[in-house]
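So, here's a batch of structures to check.
Heads up, the next two complexes both have chain A, just with different partners, chain B and then chain C.
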Partner chain A sequence: MSEASIRAVRLSKWYGKVTAVSDVSLQLGPGIWGLLGPNGSGKTTFMRLVAGQIKPSTGRLTVDGEAPFANPNVLRRVGYCPEADSIYEQLTGLEFVSAMAELSGYPPADARKHAEVALEEFGLTDSMHRKMGGYSRGMRQRAKLAQCIVHDPDVLLLDEPLTGTDPSSRQQILDALKRRAKEGALVLFSTHVLPEIEALTEQVLLIARGQVVAQGHMQEIRELLDEHPHHVRVRCDRPRELASALLAHESGVVALHFPAPDLLEVRTWQPDETYDAIAEQALALDLDLHSITSPDANLEALFHYLVERANRGAGSGADAGTGGARQLEKASERTAYQQQLEAGQGAGESAGADA
Partner chain B sequence: MTVRDLGYRAYEGELLPSSHNSWVLLRYGLWRIWGSWVNKIVVFFFWFPCVVYVGLALFRYFIVGPEMPPEAVEEGGWFAGPPGEWMRYLTAAQFWFFAIPVTLRSGAGIVAGDLSHKAYQFYFAKPVTAVQYLIGRAAALALFLFGLIFVPTLILALVFVGTGPEDQMLERLGLLLPAFLDALVIATSLSVLAVGVSAISKSRALTLTAWVVLLVVPFALGMLVEQIGEVEWMHAISVPGLLWSLGDGLYKVHDSWEQLKWFHAAPLLLALCAGAGYFAYVRISRAEVIT
Partner chain C sequence: MSAPPAPSFFGATGAVSRLSLLRTLRGRKVRVASVAVAVVILFPAVVALVKEDAETAEVVRAGIDWGFFRLLVFLLPILFVSGVVSEEVEGRTLHYLAMRPVPRASIALGKYAVGTLSALGILWAGLLLLHLVGFAASPSLLVDELGATVRAGGAASLLLMNYCAICLFWGTLVPEAAGLLSVVWLGFIEWFLLLLPGVVRFVSMAHFARELGGLDRPGWDVLRNPLTGQVVVQVPDVELWVCGTVIGAEWILFLGLSLLIMQVSQLRFGKA
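Entry: the complex of A and B
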């Protein structure tokens, strides 16, 4: 039996005029992989392609060495946990998971036995005989995960598996997935929440607008988050005075904007220094400081950055096909991004004009 | 602790072929049908017509004797009619009072429910094909409907066998075959049509409306045209009309209509069912959605 693997070469999927997955090339082996992307980025479509539920429009996709679409050999080795919260309310957890095991080819008695073990693994032993209509969201999620592993697959595809789970069930799920990966399974799980990935794996794929915009180590993603320009919003009584002081200060500020009379928006390359400078100047100027917030200290901003970078031709999903993580060329990227910012900003938004 | 410690082993037993999937879907489909309170009520009451007919048959046996006198038969009326005619009436009662409510309740959402909940994602992540899925779904409903129609007619037929003259025993036993085939045709047709209608939309309300329109409107129109213009052909556009005509042919007791015969109805019903099945197949094959 071949080793668990997913391999895509220039894989694309269109729905009419909408491109859901575009020119993705990658190769994944055993272990846990986080598929990170904002909502609507193509994560689910990619998962469904790998799960053999939809046919690629172009390109080649193999799972464990075979094309997954309508291929029972592959489908028996793949466990898919869809995002949809669509579980039959009339069935008990045990009936549902047993049915899924039977559909994977298990005889009824074995299916039931395996379903009990799978439900036990996700902490549903006590409630397996209850109708799923009475399950909480977290319990439904765990029942879905149990059906995903019940036939002992070596490729697990989990679409937002931690949605709606409480901390204790989250831990149970994470432990179970780690155990699976340790056994040699390939676990690909999607999320748009960074800490979920961090809790599980160091290997990350970033997908945006249907393209794999980066593939690599979690630490690199963290660095990207640190190095792309941040927005900081300061609400105070004299924002223009603060802006002048920040410009005079060496705090990496690249742009200033005043969306409201009491609001200053700072764009900076060095968020830590900027926060320090804001605090320092607020004290020095004796400002009446109401709030300091960052609207984009999240993945959306990072995806935005990477997508813009991809659009500028810095790379495409096909780059990932080499298997190595793409390293960002920090200096050139920063300059290009800064130039783009400068070109795109209105006169009233530039630091010089406003400050 | 590893997964293996919890009892997990790569499965070493013989895996059943994927053709087994329809059977699995049928079994769990039956559970879903049974889960509806409407269907539970139907199961509770579906014996009643049978009890009434059996009571009347026994009453006739004890009052009149095993065989109706020829003059009573000539006078006509269903009470004096042959056993086959009684069974036709019992089938009609089962059809309208029980099979139709179950078909509306469970048939309208049989595919629509899975479409709206995106439950396909569970099924088609397993080695289940669209055809297996459709067969499993339709078969569950068909089996349930078959039970509702055939079991009472079987009981009535056996009562007629037990209470009839000895020389007619074989003839009366022969009624079991048309009873079986009639129930099978009704159950299969309704189930396949239900799957087709249910695949029209994700909205169960819409598919339910479509079902009501398909079953009731052409039938009512057929009856109206028959009454006013004495034209029976309009029944050819109604599912109950086609089924009734086929039933007449199977029982060979009497023709409800002069013009619409079973050999007209059979190809029409077959075409309708094939169209519904194909439509459902196409809809499921194209059930890709951007999520």
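Entry: the complex of A and C
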């Protein structure tokens, strides 16, 4: 049996005028992969493409070497846990997972045994004879995960699997997934919460507006978060005086805007120093300070930044600075990797190693 | 990793059927259908009990005609089959089935089988109950009329299977509006055209089923010139085997189309 893999070459999917996945090229091998992106970034569509539920609009996609759409030979090796909190409420957990095992190819008697094992793996043994309509959200999530692994697949596609779980069931789920990955499975795990990925894997794909904007190790993502320019908004009575003072100060400020008469927006590479400088100057100038906020102290800002960079192109040089240079480097490496994939030379290598 | 081999088409259909049966038995459809059947047979059964022997058979046959051929054969497929795909799409549970290594057509076939068998079971239970209660006061008619009841039941069954396939077709093609489209199709093509004169009536499978079941022709069977009394338009007679073949052919056509649509469509996953 070949090694578990997902390979996409210039993959796109659109619904009418809406582009959900745009020109994605990547190759994933065994291990746990975090698919990280804000809501609406295309994570679910990408998962559904890999799960063979929808067809690509353009480009090529293979799972274990074959196109997945409605392909039983691929689907028998894939387990999918959808994001939606939907389940057959009239069935018990055991009936549900047994039915899924039967549909995966086990005879009815074996299906029940496999279902019991899968439910046990996610701590549902005590409640497997209860109807799922009475399950808590965390229990439903675990039942969904149990149906996903009941047929012992090579490729696990988990769309936000930790939603609604409490800390103990979260740990149970993480342990089970790590075990599967150790046994050689490819686990693709989507989320918009960075710490969820950190608890599970070091290998990350960042997706935004349907594009994979960066891929690599968690540490690199952390560095990107630190390096991308931050925005700080200061509402005060004399924003122009504050702006002059900040420019005179060594605080990493790269741009200043005045969106409103009492508002100053600062773009900086060194947010900590900038916050200190604002506080210092506010005192020195005796400003009537109303608020200091940062509209982008989260991943969405990073995604936004990376997409902007990607749109501007690798060689534009429009954005100088350390982080910018690093991004240029990443963008050109990604382009080279994409070319390799398109030329069919990337087989057998993992994207993480290249990024 | 040791995933089992993918199940065969019939193995998969069986597994989907077992799952659908569990859900059907625990859902509300069976109860709703049972109440509908009870209401339909109550009136003719009571009337038949108080009538003289000679009129009892007519009352029971009218009950079969109006209650079963003009109401239940339309109602039961809409209840049991038109929503089998849409309820999975709207409930967002279709992922669980579509992700399995089974031909998608087997999912539709399994659901169709359970829906149709449930509808047939309830139809036959109602039909036999009407026969038993209607002829309870006259044991000789209970036996003598059994053949006619079974013949009508057979024709109604064939028609019901066909209507279930039509409902499945709309369910796979337009899951969001399957119920509405099924009602419009069955109401216009099957119910309304059944009443029209001439060969237009041949569009309605209900016409052929009534011929097979030995029931009277409803609506404008014969149109006469009001002045001369001369027959202007008349529904042509058709051999019974032709009636059965036409219904069977349409049944296979709609069932085949449904399975094909299910096999190749993206099942509205892109919309969720």
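Here is the rule we use: the second predicted complex is superposed on the first by the 261 of 355 C-alpha atoms of A that agree within 3 Å, B and C clash if a C-alpha of one lies under 4 Å from a C-alpha of the other, contacts with A are read in each partner's own complex, and residues count from 1 in each chain.
The rule is short, and it goes like this: a residue touches a chain if its C-beta (ideal position, glycine included) is under 8 Å from a C-beta of that chain, and two chains touch if they have at least 3 such contacts.
Just so we're clear, the structure is a prediction, and the values are computed from it rather than from any experiment.
When both complexes are superposed on chain A, chain B and chain C occupy overlapping space and clash. In the superposition on chain A, A:Gly184 contacts chain C only, with no contact to chain B. Of the two partner chains placed around the shared chain by superposition, neither chain B nor chain C is touched by A:Pro259. By the touch criterion defined above, A:Gly65 lies against neither chain B nor chain C after alignment on the C-alpha atoms of chain A. In the overlay built on the shared chain, the residue A:Glu120 is in contact with chain B alone; chain C does not reach it.
By the document's definition of touching, both partners, chain B and chain C, reach A:Tyr80. On chain A, the patch touched by chain B and the patch touched by chain C overlap at residues 15, 20, 44-45, 48, 51-54, 70, 72, 75-76, 78-80, 82, 84, 86, 88, 90-91, 95, 99-100, 102-106, 147, 151-152, 183. Of all residues in chain B, those touching chain A in their complex are 1-4, 6-11, 13-18, 20-21, 24-25, 28, 31-32, 35-36, 114, 117-129, 288, 290-291. Within the complex formed with chain C, the residues of chain A that make contact are 1, 4, 13, 15, 20, 44-45, 48, 51-55, 70, 72-80, 82, 84, 86-88, 90-91, 95, 99-100, 102-106, 108, 147, 151-154, 183-185. Contact residues of chain C toward chain A in the complex are 1-7, 11-12, 15-16, 18-19, 22-23, 26-27, 91-93, 95-104, 263-264, 266-267, 269-272.
Partner chain B is touched in their complex by these residues of chain A: 15, 18, 20, 44-45, 48, 51-54, 70, 72, 75-76, 78-80, 82-84, 86, 88, 90-91, 95, 99-100, 102-107, 110, 114, 117, 120-121, 147, 151-152, 176, 179-180, 182-183.
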